[in-house]
Amino acid sequence: MMRVVSLIALTLFAASAAHARTADALLKELRAKMTRAKSYTAQLAIKVDVPFMRVPDMTATLKHTAPDKTTIDAPGFAMLPKEGVDLGALKLLSKDFTAIDMGVEKSMRKIKVLPSDESSDIVVATIWVDTVAMVARKVVSTTKKAGTVTIDLSYDDAKARAYALPSFTKISMEMDPLKIPKSISGDFDGNSRKQAAKPGPVKAVVEVRYSKYDIK
Amino acid sequence: MNPPAIAIRDLHKSYGSFNAVNGVSLTVEQGDIYGFLGPNGAGKSTTIRMLMTLIRPTSGSIKVFGMDLATHRAHILRRIGAIVERPDFYNYLSARKNLELVGRLSGADVSKASVDRVLGIVGLGHRTDSKVKTFSHGMKQRLGIAQALLHNPDLIVLDEPTTGLDPQGMVDIRDLILELSQDHRKTVFLSSHILPEVELTANRMVIINRGKAVIEGSVQDLLNNGRLKVTIETSEVARAQQILRESSVGNHLQSVTHGELIIMLERHEIAGVVQLLTSHNIPLSAVTPVRSLEEYFISLTQEVV
Amino acid sequence: MMLTAYRVEMEKVFSKWRTYIGFIALGALVPIIVIALGIEGQDYLNIITQQFGSQFDFKGNLINGYTVAFIIFAALYVHVPFLITLVAGEVLAGEATSGTYRLILTRPISRATMVTAKYLAVVTYTVLLVLFMAIMSLGLGIPILGTDSLLVLRSETITILAGNDLMWRFVLAYCFAALSMITVASVAFLFSSLVENAIGPIMTTMSIIIGMTIISAIDVPIFDYLRPLFFTNHMNGWKFFFDVPANSEGMTYAADWTRVAISGSVLLLHIVGCFVAAQIIIRRKDILT
């Protein structure tokens, strides 16, 4: 009897071990795809939607050089989310991590990633991987500084998709309401109690379109 | 027939229950030097301000050169040059600049030559570019006359024009007034407290008191009415004094000094007094009747009081 | 005659030293502010970048000529009215004080013409002062600090306006500022017609502006009903050219036109009302000085 139980436990453990390796291998395969390009540039069109901000649409140029040098230049003013524009959430794949398979959700493998480096800003991230196209479709990161950041990715450019480079990302995060002292804003028009923002964080959304990829 | 330079009829100005001008009427013919006299508070300045449209009359009419002041204001003021009370200017500007600015508003020739000419007439030719704040009162008075003359007006209204001037200055202004009238055929409306000045320049005058015109006429005629101041020079002053005291005119004896008596007599009484004294063998060296406008003025205003 | 009278009044206004106080003050202050912000302006921006610095990176030159011009605009706006009242409050009352009403009102010029000429001279001075502020702010700020987007801080909103969408906003804002300052000048002009000493209109006008500004700043419900009636409230209408309403399609050429129109109309009403009232007062006035 004990031998049967032990055999079943060993089989389950082996199956589990085999599954965990699969998630880890999946992410490493994704990372390998992304790092195939020695360098690439892309034009960015950035649209910021924050309830208390009116920001014009912005443009910028993203330059990436393997292994991990990324710069973003803008001709004028640009307001760029710290997480997501340079696919930073996926940067964590280039360092040591522990992958936990969370199963399949909406035809995608849901994998939780725990960075091994305690100094990493990302505490934990969840990646939804499209195993057919071998791209990440969604990343939810919990960061120390920026809170929870959700990144939805689309890949309409076939050539870029071959390197797991997106054509569109939608970055969502929560932000605290704006508080500017009246002595700075000079806003003495009154009715501040009526106009007082609803308490609590607000949702900010940044949409980035990537175009004119030049991949080398 | 030329219309009068100024025709004021039944002019009134009230401030609440106080009547500053209470029915003044006067006529200034063209070419007159017209004396406008009255004690302090009589209503002279108020009348002049109404003439110059600084104050709105309560009732009455003012016509200048036959035109109604209320309806022809701009046209009339183009023909009037005036000093109203103390002459004030823009102290931060020079004499020349002051004249240029106000002259332009009157449509005057404000060329350098024209301004220099007028400043020369009033004796300020050496101070044309000095700021008015450096001027004495007398100099401002002269400048006031200059701005009144700059646009060559037909009627000149002068309110106390010799105030603050030295004796030579007074003579200069008096001569200027006479020259303007006689040589340039200007009409001069002259308000003054310096009665000898009016006596020496005006040909017609009005005396007002408490907002009303008391008397109006030619200066000469007015001087011949009422009592004259008669100076009697004699070597027997004491006896003459005694005789006059006992006569009907004794109350009008003014003063007795060594060698002369002064007595106020009506014109027709002079002959009688001379006869009285000579009949008593009082030797008379001189009998000199003098009509003082100042005394006439004071007597009139006291009678009205 | 109006043109002659206007030229005479302009000569008088610009012959007085007090007329140049405003130009000298702005001429000294603006360069100091431009240079100071250029050197240490980043600290000014930290108040906003610190709030979002954990989530956003800011790129570009936010301390630029437009930002500095905007900051100068907002800072000096409160103080320029005093410079305006120095001239506008004296233009009529000063004639009474110096006795020169008698000099000018005995000329063949109607009182209406005289009042209008003086008013136009005051308006000209006001417009020139605002124009000077504009030229100094933008004329120094842009060459020294360049151009880029403008960060507009309100208590509960931030608006970022693209650099190529700014010049027209500044032009209209300065035009509105001129309208606001003409309103101040008109109020001082009206008070100047009432009295015979220039100090009164200057102090009264400034007291009204300060009082209204203080009441507007105090957040008390009862003042909510008073605020829309205060012309000082509407003087800040220049800020609406840097506001993009939430319902705007895009940001380029967008502004809060409705509020601009409302505030502009209120100011115009004040201007017309004060001017007409001053006319009536002077026409009926007995000149006793």
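Which chain is which? They are A, B and C, in the order written, and residues in each are numbered from 1.
Going forward, a contact is a pair of C-beta atoms (placed from the backbone, for glycine too) under 8 Å apart; a residue touches a chain by one contact, two chains touch by 3 or more.
Everything quoted here is computed from the prediction, not taken from an experiment.
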Relative to subunit C, chain with the most remote C-alpha centre: B
Closest chain to global C-alpha mean, per-chain Cα centroids: C
Between subunit B and subunit A, distance of the C-alpha-averaged centres to the nearest whole Å: 102
Subunit A and subunit C, separation of their C-alpha mean positions in angstrom: 49
Computed distance of Cα centres, subunit C from subunit B, in Å: 53
For the subunit B and subunit C complex, residues of the former touching the latter: 49, 52-56, 73-78, 80, 82, 84-86, 88-93, 97, 101-102, 104-107, 147
Of all residues in subunit C, those that touch subunit B in their complex: 1, 4-5, 7-8, 11-12, 15-17, 98-110, 284, 286-288
Of subunit C, residues touching subunit A in the complex: 47-48, 51-52, 54-62, 74, 148-149, 153-163, 165, 213, 216-217, 219, 223-224, 227, 233, 236, 244, 246, 251-252
Contact footprint of subunit C on subunit A as seen in their complex: 52-56, 60, 72-74, 76-83, 145-147, 173, 175-182, 184-193, 195-197, 204
